[in-house]
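Letters A, B and C mark the chains as written, and numbering starts fresh at 1 in each.
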Amino acid sequence: MSLEVQGLTIDIGDRRVVDGVSFAVPDGARVGLIGESGSGKSLTALAILGLLPDGATASGSVRWNGREILGLPDRELAALRGDEIGIVFQEPRTALNPIRTVGRQIAESIRIHEGLSKRDAAARAVAEASRVALPDPDRIVARYPHQLSGGQRQRVAIAMALACRPRLLIADEPTTALDVTIQAEILELLLSLVRDDGMSLVFITHDLAVLSQIATHGVVLEQGRVVEEAPVSQLLSAPASIVTQELLRDATATLWRPGGVE
Amino acid sequence: MSVDGTDAAPPAPTTPRRRSRWAWLGRLWALSTGRFGLIVVAVVGITAIVARFWTPFDPQKVDIANRWALPGWPHLLGTDGSGRDILSLLMAGARTTVFVAIGAGLVATVIGISLAALGALTARWVRESVAVFVDILIAFPVLIIAMMISAVWGGSLWVVIWAVGIGFGVNIARVTRPELRRVLQSDFVLAGRASGLTPAQNLWRHLLPNVAPVFIVQLSWGMAVAVLAEAGLSYLGFGAPVTEPSWGLLLAQLQQFIGVHPLSVVWPGLAITITVLGLNLLGDALREATDPTLSRSPFATRRARLHIPEVVS
Amino acid sequence: MIRYTLTRFALLLLGLLVASVLIFLTLRVLPGDIAHLIAGVGSTPEQQDAIRERLGLDRPLPEQYLTWIGGLFRGDLGTSLLTGTSVVDELAQKAEVTVPLGILSLLIAVVISVPLGVLSAMRRGRASGTGLSVGAQTLAAVPVVWAGMMLVVVFAVWLGWLPAQGFPRSGWSDPWAALRALILPALTIGIVEGAMLLRFVRSATLQAVGQDFVRTAAAKGLTRDQALLRHGLPVVGLSVITVLGLQVAGIIVGAVVIEQLFSLPGIGRMLVADVAARDLPKVQGELLALTGFVLIVGFVVDLVHRVIDPRQREAS
């Protein structure tokens, strides 16, 4: 199960925001997309799943298991979403429907692709909630998003994305909006879930430090273009481009642990 | 303040301040809604001015022999039950429409700005009570206010002007007050105060230019409301007196003959509709042209030449 | 929740108070000497005094106000200057025309605007979506009087299906005839109000389109349209409820004009006649009733909104 992006180009109106981006995610690989905000990382992810906002158009090629999926009708893409490719977004505060219980929202993923009854899906939802280490799963599924903490909401989002055991998970800055103390927990959770299931992962972030903990390969973007592509260890030890060097400099400040500066 | 969605935008061109102030006009014209609105307003305005001096026929001239003429020559839109030329009546009616729209606009402006200023610039308890007062007044429909005034002073165009002015003025106050407060707390104004500007100078230089966009939009919509209100109130008999030409009055007069001459009411109705539509669309276009932060989806069409949403200094 | 209800109720009372004061001041104080007006030209001072005494105009203002308000608590909104009938009685009688008209209009407006508004947002960028939006924009600019006239021309004059005017004298004893008399009026108000509501629904739906959680729903496997319909709409529905208060005010205003056009013996037409006749005590009572109604509707809508939205059920 592999993802191949070739020459992906995204235009918003008359502005080119992603220009000829190419990268590959072989089966089981964990690839990071890294760059400053505005470098086009999130749009790339959205384009893969056909979730670009109004006014944005994509061209190029996106192959999933050899099948071209860029430009497919929404109905066919919808069948892939959640079932084969899952995605977790950055802002847990707004990613969940505020007027539905979290249990129902997790169960919805399951019901869409596996056609379970309401009752069975609800039971599965509890199981998924416990899988992402949510406290008190059978009680928490009856809660509304605003009653949960940021970290808990993000766990719900992860549960929703992984409920149907997709082969690829795209994580778009999943920890950026969270408390520093929670970030590590969520990262560990993601890592263990991805490893346990042998899923491929595309991890998007602007923080090299975070990337180093979860991805093996890194693709560095700047202003919509790929400027460097290498194993993460190489990016950390011998960054070739200026962009990567700057990212490293920003990250080093956070890599340093207690005893020093934050 | 950060420029829109991506940091990849080229650096803002250093245009002189004066030119950027009027850039929105160009954007307004570029929008189809803006174009339509401006054209309609221009046509109505020019017609009103022209009608002051000339109309094809005397609007009040009765000509029984030629009544109910179909559109043709010389009566381009036909005549009514007394033989009056409908086109001339429409042109003359435009004067009333413009008068009411501008009058209501002025009243609404004064009331709106005063209430907004009261609600933003004064001591806390005054602000809070004004806010509550405004919220209560909002519930009064314009027509009710008009009826109240008519009951006391009889019907007239001034009834329309004052009723719409009050009704919409309150609306303007409600909308501009938060803008005023937002700007009041911005750095530029504080700097202005610190550098010794009097409150009045501060007001003029900083507050007004920033509140102006929101205000102009409301004004445009308010004038549309005024035109509709004039039509309705004149129809009911509380607006234009019989001696004044008015589209609403014309509707009332032609109504009785709908059974026999159904299509005569089309003309005044169309005139009102197109005018109101033009003003509404103008308001919509103004909003789009002056407030680029208004978007429908996260990456809505933000063009590079968009106005940067910082406080005008 | 209790606290919110109480605060909101206090605001309602305050609103009613302010409204009553405004109406009282405008109609009692401003006209100046109405006794003179009523008595007519050439009347003697004694006749005018008699009228003044009868109307209680010689009492100090605050006392007049309190008398009026006191009457309200007894269910007395005043009596007509000209006919001596009780305002409350007349309102109750005319309500049998206006209330069904209002309800019918509201139903038509909602039934038209919600599906079409959502559709026009879903088909944004395409001809059908833009067409709906433009159409609604145009209809919202139409004066409700003219819309009524056009409908009369089509359905009454040309097709002869429905009556152009009037309401059966027997009232609702023949329900079908009464209903037939209300169809065109309700359709007129419903279409024009519906056009305005449609634009609002469309804009609310467009906002829903951009919501993150709608995107998440699509990411789970729904198509984008499905995600919007299933997840975006209930939130849209909530915001429509908020506007309902405005809609009711619009319908009342529409009814006043439309009852005139269609010669319906309802509250609106009565109000117009009373204002024209300068029957001030009656107008006073009627206006207060109408304003009170609008304020109460706003209050109820706020409460309903609060109850339905689970985000707000928790105490803030």
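The rule is short, and it goes like this: contacts are C-beta pairs under 8 Å (C-beta built on N, C-alpha and C of every residue); 3 or more make two chains touch, one makes a residue touch a chain.
These numbers were taken from a predicted model, which means no experiment stands behind them.
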Original post:
Hey, what chains does chain A share as contacts with chain B?
Top reply: C
Subject >> Chain pair whose interface holds the most contacting C-beta pairs >> reply: B-C
Original post:
Taking each chain's centre as the mean position of its Cα atoms, how many Å separate chain A from chain B?
Top reply: 48
Subject >> Separation of mean Cα positions, chain C and chain A [Å, integer] >> reply: 50
Original post:
Between chain B and chain C, what is the gap in Å from one C-alpha centre to the other?
Top reply: 23
Original post:
Can you list the residues of chain B that touch 2 or more other chains?
Top reply: 296-298
Original post:
So which bits of chain C are touching at least two other chains?
Top reply: 209-210
Original post:
Which residues does chain A have that touch at least 2 chains other than itself?
Top reply: 53-54
Subject >> chain C residues within the chain B interface of the complex >> reply: 11, 14-15, 18-19, 23, 26-27, 30-31, 137-138, 140-146, 149-150, 152-153, 157-158, 164, 206-207, 209-210, 245, 249-250, 252-253, 256-257, 260-261, 271-272, 274-276, 278, 280, 283, 287, 290-291, 294-295, 298
Subject >> Residues of chain A touching chain C in the complex >> reply: 49, 51, 53-54, 74-75, 78-79, 81-83, 86-87, 89, 91, 94-100, 108-109, 112-113, 144, 146-147, 157, 160-161, 164
Subject >> Interface residues, chain B side, partner chain C - complex >> reply: 132-133, 135-137, 139-144, 147-153, 224, 228, 231-232, 235-238, 248, 251, 255, 258-259, 262-263, 265-266, 268-269, 272-274, 276-277, 280-281, 295-298
**OP:** Going by the contact rule at the top, pick out the chain C residues touching chain A in the complex.
**Re:** 124-125, 209-213, 215-226, 231, 234-235, 238, 309-311, 314
